[in-house]
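Consider the two complexes below, in which chain A is the common component and chain B and chain C are the respective partners.
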Partner chain A sequence: MQSPRMKLWLVLVLILFTHIKASATDVVVKDVLRTLDGLRKIHEDVTAKVQMAMRDAEQGDKLIEAVYFAKDLDDTFLMVMTKPESEKGNGYLKSGKNFWMYRRNTRTFQHVGRSESISGTDANAGDFEAPKYELQYTAAKEPDGKERVSEELLSKVPVYKIEIVSSVPDVDYPKKILWVRQDNYLPLKEQSFSLSGTLMNTQYYLKYSEINGHYIAVKQLVVDEFEKGNKTLWDITDISFKKLPDETFSKAYLENLSK
Partner chain B sequence: MKTLVFLAFRNFLRQRRRNLLLGSAIAFGIMVLTVSFAFTEGLTDTILNRIVIYMSGHVQVNVVEQGRFMSPVIRDKARFLDAIHKNVDGIMRVEESTGTLARAVGNGKGDYVYLVGLEINQKFTESFVLNTGSYNDFIHPSYPNPVLLSEQKAKGLKVKVGDAIHLRFQNIYGQSNTATLVVAAIMKSQNVWMDWAIFMPQNDFKAIMGYRPHETGALRVLLKKPKLAPAQADHLWQALKPQPAYIAANLVGTSVAVAPFALEASTNHVLKHFPVSDAHWSPESKGCLLSSLLAARLQKHPGDLLTLSYQAKFQTEPALFTLPVAAVVDFPPTLSGDLIFMNNEDFFKVYNYQLPANTAPLKQWLPASSGEIARLVAPEWTLLERTHNYDGFDKKMKSIMKFPQAEPITDVATMYEVASQVVAMEGVLNAAALIGASVLLFIIMVGVLNSLRMTIRERVQEIGAMRAIGIQRSQVKWLFLWEAFFLAIFGWTAGILVSAVIIKLLMLIQFGVDNPLNMIMVDRRLYFIPTFWHAAQNLILLLVFMLGAAYLPARQAANLSPASAFGHAKG
Partner chain C sequence: MISFLRLLSLSLVTFFVLVSPACGENLLDQVPDESALFADESSLVTSANPGEIAVFGDQHSVAFSGRLDSFSTYGVNRQWLAGTGSFASNVLLTYTQADLFLDVRLPKGVKAFADVSLTNLPAAVSTASASTVAFDIKEMFIDFNLDRSIYVRTGKQFIQWGRAYFWNPVDFINREQRNFFNLNAVRSGVYGVRVHAPFGQDHNAYLFIDMTNANNLDDFAFLARADWLMGATEIGSSVWGANQKTFSYGLDFSSPLWGFDGSGELVLSYGSNQNKIVESGSSLVLASTQGQWIPVAVLGLSRQLHWERPNRINLRAELFYNGDGYGDNILLRADKKALLIASGLYRANYLSKLYGAAFVSVSEFPGRSSSLSFNLIQNAIDGSGIAVLGLNQSITDGFQMSPSLALYYGDASSEYLLSGYSLAFIVQALLTF
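Now for the complex of A and B:
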């Protein structure tokens, strides 16, 4: 038989628990997506060194290094490969809707599609553009209409697990699950699914650096879930937000850099 | 005449050793000619009937959206088929061309493949020779997504009949998608093109790629006379000239038309007719341009949302879309106030996905009197200029990459553009074979000429005797020409027989997988088609050379007088 005091405690705990659950489901996915876009949008020019260490189950390991320049505001970027020797001097330039690939050996520029692989990696132009989650995705809903959001601990960090689905047809992955920190919405993990619902890759945001008030995911691991054993470790170093002249994002500059 | 022919044949048999040597030389020349022509005929067959028709057909119609040229999509298949059947003569058949590049993972092994949607018809089994499995499992499967692949590809993916292949690819919207395929049958390797492909029933392919029943990839037209492809493509191109794009829609009970700005419409040009006060506005701006009349009637202002509905062509329920008002402006008096303009990209994203039924014509809102304003409206697709060689075609394809626009890009091409290098290879090989064999035959003919001159020299006495007993000059001439004729027939027959054996032997050799010539081989073997026509052509060529070479010595012999012939013999 429970005492009235015990009953009161139980009611209080129940109220508290209900309140915590309610606050978790109170998270509006649209707000999270907007914050995510905002957090990762850098309103300044960026210069950085990018290293991609790839492990391919069939082809072995490959290390690619590049210098990256970006005008984040209008999705313009230029990238020149510095390693390995076979890729050195090759580059990519994206300006507006135009995306060119430059080949040092032939000294030619060629238009390529946004989904074209960058130097044989699993990265494409979209990976170097500012994310547009709010425009492209919306919350996945439970049968009762509630958004699919839950609270979890990810490596002891409290996170929201959010399931989103594409709201426009032309996105790479029609479904994603994001694990974002509860305190600042920074993503820690992201799973991307194909149209048929197959898990295609898992992206781990291993390390963030706060530079000039911007959170940059300086270390990321992308695990290919479709072809087991393939993964890519991204390392971003030497980040600078110095203003870049407009000529940086030109074919001539890319050609000059690749010499 | 009969006696003359008999005498010529007897003389032909009498000169056994010499004729055997000469006949062997002729047989060698004929053998080279026959084998060369059979090879180029086989090559032509491989190129036109095994490569080009799968690559492009004889005429090909392609529609590309958003620069995704690897996944063409024709939204209104029936309309394009109708245009083809009405404007192309001598059609053998029209095929839907559907295929995409994909990453396949078999039993622990991955490889890039070209996934092809195969139309199941009576003809399709003729293209494959099965090693294992059955057509029945492919045509009437008891499992989803049956596929047919070459033994080479099956080996690469380490799969057998009944095994699963996991596939990663992008659908027609660029979305990542996966599918599990089941190996229904494994076919014999025929050439590198076939080895690279995995075939699945077209309906299954279209389902996983996101094509709806009224949509398809490219359309391939196969003609009875492939060489007429350029002229037929030109006719079709004329018929595919686009109309202005618009959506006849309903906006709160008002019949309106929504039209996209043309990609070429500059801001200044548009502002000349529609004086938008917002300095940041351009034809590419999001949202729509609303007439002040319609805005007042609907009480809408810039920033407000419009919800429009329209009758879609391939859907019974009305299609819906929302549109923010970007600007309200006074329309020119020639124009209906119920016309709404919007940016090209957003318009075509709606339009392409649900083509409108458009029962009311655009002139209801945009009359002919509207003059150059009509040119501000985008066409339903951009029709690329016709090209006639690979360079022009290549330039066109690069332009698609350059402007990844939502407005569809339509192209009509022929095998002479798409596969011009492959087709040109056939012509070059044919010419090379003819020139090489002609040179060889000419050298042999020089030998024949010398040999006949020697024969005449040796038989001067015999000629004198024949002339002495009353045989006419022309009969002497014909005697030698008939001898040359028998020599030609003997050499030709021997050459044909030897070439038949050589072709048979060459067709037995199976080359390695990595042989660069695999693309022109069948089942990794050289492929020959000897024809009666080529054999007859070779015989005519040989007779022309032989009789031409024999004519002068024969005439020389005929012109000998009996006295000088005997005198020559005595001397």
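Now for the complex of A and C:
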């Protein structure tokens, strides 16, 4: 038999627990997206080597390598493929809303929309720009209007699990689930879903490099959930933040780097 | 003791350095275990350790690479298929072509490039007196630049200016047109000097001096071009001229249009540099059109669609108006047809005034490492066309097979029935190294 005092304590603890629980999940998705966009926007010029080791269940392994130059402040980048031989010399130049593909076989610059795939992979120009989650996605809502956010442990790391849906048409996947660290909102895991709701891929952000309070995801593993057995491991190495001359970001320089 | 610890540390470091490349392999080999992936929280973020990247364009290097194309076509004659022709009217054409690339790099963006092409024909195809090996230098040029402000390329080079996919009227330079059956084939260049001055990403100016047929300074042909951005639209203008030739003026654009990537080219010339067959009284003569503006234009739309995966379906369509082409089907008259062939004036896909083409491809279909394509070209004046259903199967990295089936349709006296084929089976094998 519990005393009235005991009951009062229990009610207080329950209220306190509920309050703590509510405040812990009371993160606003828009704020998280804005923060993680900001964290991953590097306010430096970047030169790096990009390596994509692809495991294909049918074809075996394929290694794609590229040299990447970026002027992050104005969303400009230039990338030229260095491996494999069939892709070597193909390149990409992005400036604001304009995106050019250079094909060394036909020696043509093709001026296209931003969603064009890179070297036949699942990657596109958006994967090489600063992320724009805040502009492209919004929180998925529960029937009662609450944002779909929960707390979890990813291995030993406390994370928020956030479900977001696209707010603009020009995105690769209309729905994503992000697992972001609770302490700094950096994403550790991301799942992408097709319009039909099928899980298409799971992306693990395995390592970040920090520069002046901003972060580059230097190692990522992308697991193809649609074609089982296919995986891509991204490695970004030889990062340099040396100032790049404006002349780097020109068709002429891309053509010169190409074959 | 200290030495032992140092030795132990060194051994451990060496061990981890040696096994670290295999870590990537392991990640690809295993089913991801999230507990293991994020077990060491401290390793998830590291300080950036900026280094100096050595870009391959800034180093001394010599690289050899190449591609080997094996191309086999079996053309099935229309009459044989109808039971009125002989089996001998079917044609087997097979050849192997090697493109060997030499790529030499020096610091400051200086480079040399050569594409030496060898085509090997079976003895049955080559004439008795001709060699079974054809030799061509498709490109051989040197590149240098002045402080990345002006880029110069001198030698035999392939340049394609213009934004459309299949027809490029503003491509005033190239002799070799794009091959409908092998759209990504490496084409042979022209001899000359090109100067390219970029002004950021937004503006470019070019000058090309074509020396292909030049014995003296007044034999040069020249092409000047500028392109610039206006928002998401890129516009180019160009002019081509040569001594005692009619000048041509070009305008082209690429821009988002109604949710598509749009592109277009327009060329105007006051008269033509190409001869045509014209009737003079009761005889046929060759003469070029003069004294009037001749427009040549192409409009193209393309779009990539999502099908479970991003960008899996690629759609492209082009409409081509050739103001210098024939407005009627001249192949209906045997004398005109004979003269067209004998005079060497026939250019495939440029004979008539109006054409259309569509290119559809679905990547990762029917299998993950294959793609399916359907290409169609039609002469809108005589109603003939070619439809090609193709499969591209990547066997391994650097090797692919592409079988395709071409269907020729239209009247017997029409452009795409000139070959006499009704069907063609094509198998291409491409190896890159």
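The definition used in the following text is that the second predicted complex is superposed on the first by the 233 of 259 C-alpha atoms of A that agree within 3 Å, B and C clash if a C-alpha of one lies under 4 Å from a C-alpha of the other, contacts with A are read in each partner's own complex, and residues count from 1 in each chain.
Heads up, the rule we're going with is that contacts are C-beta pairs under 8 Å (C-beta built on N, C-alpha and C of every residue); 3 or more make two chains touch, one makes a residue touch a chain.
Predicted model only: the values in this text are computed from it and were never measured.
J.: If chain A is used to align the two complexes, do chain B and chain C fit next to each other or clash?
T.: Clash.
J.: Is A:T35 touching anything from chain B or chain C once the two structures are fitted on A? First, second, both or neither.
T.: neither
J.: Does the superposition put A:T138 against chain B (first), chain C (second), both, or neither?
T.: neither
J.: More residues of chain A are touched by which chain, chain B or chain C?
T.: Touching more residues of chain A than the other partner does is C.
J.: Based on the superposed arrangement, let me know which partner A:Q182 touches: chain B (first), chain C (second), both, or neither?
T.: Once the two structures are laid over each other on A, A:Q182 reaches no partner at all.
J.: For A:Y215, select first, second, both or neither according to whether it touches chain B, chain C, the two together, or no partner.
T.: Once the two structures are laid over each other on A, A:Y215 reaches chain C alone.
J.: Given the touch rule stated above, what does A:F241 touch, chain B (first), chain C (second), both, or neither?
T.: In the superposition, A:F241 touches chain C alone.
J.: By the touch definition at the top of the document, which applies to A:S166: first (chain B), second (chain C), both, or neither?
T.: first
J.: Of the candidate stretches 130-138, 184-192 or 418-426, which in chain C collides with chain B after aligning the structures?
T.: With the two structures superposed, the offending stretch of chain C is 418-426.
J.: Considering each complex separately, which residues of chain A are in contact with chain B in the first and with chain C in the second?
T.: On chain A, the residues that contact chain B in one structure and chain C in the other are 58, 97-98, 110-113, 115, 172-173, 194-196, 198, 200, 226-227.
J.: Once bound in the complex, which stretches of chain C touch chain A?
T.: Answer in residue numbers: 24, 27-29, 32, 34-39, 41, 43-53, 55-57, 65, 67, 101, 103, 109, 111, 113, 143, 145, 147-149, 151, 158-160, 163, 178, 184-187, 196-198, 200-202, 204, 229, 231-232, 234, 254, 256, 261, 263, 302, 304, 306, 308-311, 363-364, 367-369, 394-398, 432-433.
J.: If we count contacts the way the header does, which residues on chain A are in touch with chain B in the complex?
T.: Within the complex, chain A touches chain B at residues 58, 97-98, 110-115, 166, 168-174, 192, 194-196, 198, 200, 226-227.
J.: Taking the touch rule as given, give the residues of chain B at its contact with chain A in the complex, in rising order.
T.: Going by the criterion above, the answer is residues 66-68, 103, 105, 109-110, 166, 168, 170-171, 173-179, 208, 210, 349, 353, 398, 401-404.
J.: What part of chain A is in contact with chain C in the complex they form?
T.: Touch list, chain A to chain C: 47-49, 53, 55-63, 67, 76, 82, 84-86, 88, 93, 95, 97-98, 103, 105-108, 110-113, 115-117, 120, 122, 124, 154-157, 172-173, 186, 188-189, 194-196, 198, 200, 202, 204, 206-211, 215-216, 221, 223, 226-227, 230-231, 233, 235, 238-242, 245-253, 255-257, 259.
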